[in-house]
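In the two complexes below, chain A is the common chain; its partner is chain B in one and chain C in the other.
Take a look at the complex of A and B:
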């Protein structure tokens, strides 16, 4: 009985739990509440994924109204996988948040923080689960509005301007998205994504539908932070509180990539765009530039949080590159990287949160000598860094392996070469940090540092450990990603 | 095509571009939000226009009326208006806090202050 309603419970649970935080108010109790909710969300999404893998797509009609009139939640392999990513990261970040938040956010505002975290998670999972294009917009705004608030919690006043700029850019992106949805609606009279996927291809020649694709791609591109629409990301990630950076870096852009996959492959999947606009070639070009510009700028950063933020811009490039191949292997590589990057970047930002907790700074020079002071934390950084580079036995290798394979399959060896070269750039920026933390003597800031507390260390190692585990035994993730990619491309070709 | 024709759409595009231009070109944080509002409102009008059925009345069931305008875009836009209000209020709240922290709401002055730590 209850199992049948799993899809809606997944969303209702954190949505209802968020306002409860405002009633509880006590910082510690609110934290326990938020942890409990996020831990409940994880088994639900895992069971949904298993159910989808066993029995195929789950369709849930909200209020019993049949689509396309009612809103339906439509869960296939791809969005079940994204749901697992978001809820897993949520379940790891919430326990981590307590110590980190105590240090970075005034006690009187902590309850708002957890309320916003839960709302943000609701929004992100809602984007993943919904089968309705306009409903997706509403969830997009729920997650965006709460993330603006979360970013503005940062201690530095630049967090405020970062949040403001993200608000402007994010709202433009979301508004572009509804313009696109509006055009699709006026052309087809439907908002249901599944319905649109059969109606849109018939009308591919119409200007309205073509304009819709342009607006949807640019709007979601802003949310994805695809080069050159990434301007909001570095400051937002740098000045947000550590726990927020972990959560957003690991989930927000990933979910936006998911939405982009839905638009380009589900709705417009069967449309042959090469006749109209080389949309996928454009995506590939931007992805390649992102890989290089992101990595190159990352090399010159002294604020390590900002360095990782630029590295995210580059990594998003890899995901979009995978999508632009338009083959099962390519799309699967993009989806695998979505999961892998969530783990490694989440873990790396958690390391920085622990550093922030101990020495109150994440500047390269202040981190000198931390290798001896905080050995376990820094070992996690090395683990995550190796994964970022794509060293064998880490998840980064698995994604790049599939990505290169997909490129070679198409005979695009220059693209494969570019992937390798940009990975070498990751070696440079990761090595800079490793060199300073292990080989330089401890400076003033790091002199009295001790190992991070267990409550920060364990979540960090859960993510870094997962990044190594799924690097050695990649069969599960690869199977899911390939199944998802086949489902996306299957119908058409 | 009769006189109004696509006039609505042209006006909406004009409004859209005005709003978008204000967001990009103005350095004043409040003006940017005003621009954002104009931009969003133009999209609301786009939806309303597209829901209008020629000769149709308000979608309320009544005797003797057969043509109704499409109510769905109206409902969608109600939701979008709520989202817009939330965005505006959050944006303005951030401007207040920026003003407290920096003593200014001009973008170039904020940049100058941030470059000089």
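Take a look at the complex of A and C:
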């Protein structure tokens, strides 16, 4: 009986656990509670993925109302994969959060922090699981509102402006999304994504539907932080508490990319874009610019958290680039990178969280000489950095390999060349940090630094280790991603 | 505004009716216009009027922060708990039909309880938001919520 209700349990577990945090209030007990819930979410999502891979799409009707009238949760390979990413990151971040949060957030507010983390996870998983366009908006708001709160917990006062800026931009994004949904509803009378995918193609010529596509793309583009809509991201990631940066960097933009995939490939999948608007060409152009601008700006950052944030802008470019190819391999490459980037960026931000914990700063010159003081932590940074560049035997290589293959398959060798060149830019910004932490003598800040505590090190190495493991044995991720891409494009043509 | 006798008397006179009207909107919501959200806002309006006239500290004596916090949580859990009850009784999440022997009765109970959850949470959220903003002096940034 339970197995049948797995989809809804995945969501209501963290949803109901979040308000309970407000009753518990004791910082340590709340942490144990949040860890327990996040650890429970992971096996549920893994079992959902396995079930989907075995038996195909799972449909769960809320309240027993049949779609398209009721809300349904519709889980195919792609959803299930995104659910696994979010719940896995949640399960790693929650144990990590305790030490980091104790240091960065006033004790009296820790219970709100965990409540918000659980809500944010609920929202992100909800976006991934739901089969209803309006329900997706509701979950988008749950995740966004809680992430504004989480960012504003940052110790630096600039965290407040960063959160406010994200609030304004995120609200515009969500509003554009809901306007798009409204247009689709007025044209088709349906809010169910699966239903829309059959109704929209007949009305592709309608201005309303075209305007809907424009609003949806821009709205989700803001949430994805696709260049030039990425301006909220660097400050939000830089000034948020370390654990929040890890969680958001590894999940929030990924889930937004997922939503964009849903819109462009499921809802508008069968519409021939080139006849109407060159939406995918536009996405490709923006993705290429993002890859270069993101990497170029990253090279000049002295705050390493900010450097990684700009690197995220570039990495999001790779994902969107994969999607814009409109081929199975391209979309699969985008989905693979979704997973891979979550692991490596999560791991890298965890390293910075550990540095913040020990020396209270993540500025480049403060980190001089840390290679000797915190060898294990810094080794993790090197591992993550290599993955960011795309060195063989890391996940970054796998993503870029498939991305370049997809580009060559279309005969777009200049695009392939651009991917290689932008990866070389990653070498520059990663090397800058590696040089300072290993070759420079320890400065004042790093003088008395010692190795990070185990509770920070283990989660970091779990993610970095996963980044290496899935780099060597990529069959699982590639199989899932290809299956998801085939399902997306197969239905279409 | 404590010295304005007309405001004090009239508001004291009105507040019971505001609360009563909120309850009417709450319980009549499934037959007529209304429902949990509207009722919650009207109910909170009674408390907010009291806070405006007699001060935030006075309203916090009537309904302390700990109470609004518990009610906030209770409302959400009541709503989702009704959904879980649906699962336990053999239906899907939020399936009201299985809540009673007759599906129509089940529908009735389900919507009443869910709307009650909405009403409680909305009312306590409104009161909390108002008190947090109104009561926030430069000296005490921490307390509330």
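As a working rule, the second predicted complex is superposed on the first by the 493 of 493 C-alpha atoms of A that agree within 3 Å, B and C clash if a C-alpha of one lies under 4 Å from a C-alpha of the other, contacts with A are read in each partner's own complex, and residues count from 1 in each chain.
Following the convention adopted for this analysis, a contact is a pair of C-beta atoms (placed from the backbone, for glycine too) under 8 Å apart; a residue touches a chain by one contact, two chains touch by 3 or more.
Values in this document were obtained by computation on a predicted structure and should not be read as measured data.
In the three-chain model built by superposing on chain A, chain B and chain C fit together without any clash.
Seen from the CA centre of chain A, the centres of chain B and chain C span an angle of about 40°, rounded to a multiple of 10. Legend: residue contacts after superposition of the two complexes on their common chain; A:112 is shown touching chain C, with no touch to chain B. Contact with chain B, but none with chain C, is seen for A:182 once the two complexes are overlaid on the shared chain. Of the two partner chains placed around the shared chain by superposition, chain C is the only one that A:63 touches, whereas chain B remains out of contact. In the superposed model, A:167 lies in contact with chain B only, and not with chain C.
Annotation for chain A, partner touching more residues between chain B and chain C: B. By the touch criterion defined above, A:401 lies against neither chain B nor chain C after alignment on the C-alpha atoms of chain A. In the superposition on chain A, A:412 makes contact with neither chain B nor chain C.
Put simply, the nearest alpha carbons of chain B and chain C end up 7 Å apart when the two models share chain A. Across the complex, chain A is touched by residues 20, 23, 29, 32, 36, 39-40, 43, 46-47, 50, 73, 76, 79-80, 83, 86-87, 90-91, 94-95, 97-98, 101-102, 110, 114 of chain B. Across the complex, chain B is touched by residues 134, 137-138, 141, 145, 148-149, 152, 157-158, 160-161, 163-164, 167-168, 171-172, 174-175, 178-179, 182, 185-186, 191 of chain A.
By the touch criterion given at the top, residues 69-70, 72-73, 76-77, 80-81, 83-84, 86-87, 91-97, 142, 145 of chain C touch chain A in their complex.
By the touch criterion given at the top, residues 5, 8, 12, 15-16, 19-20, 22-23, 60-64, 106, 108, 112 of chain A touch chain C in their complex.
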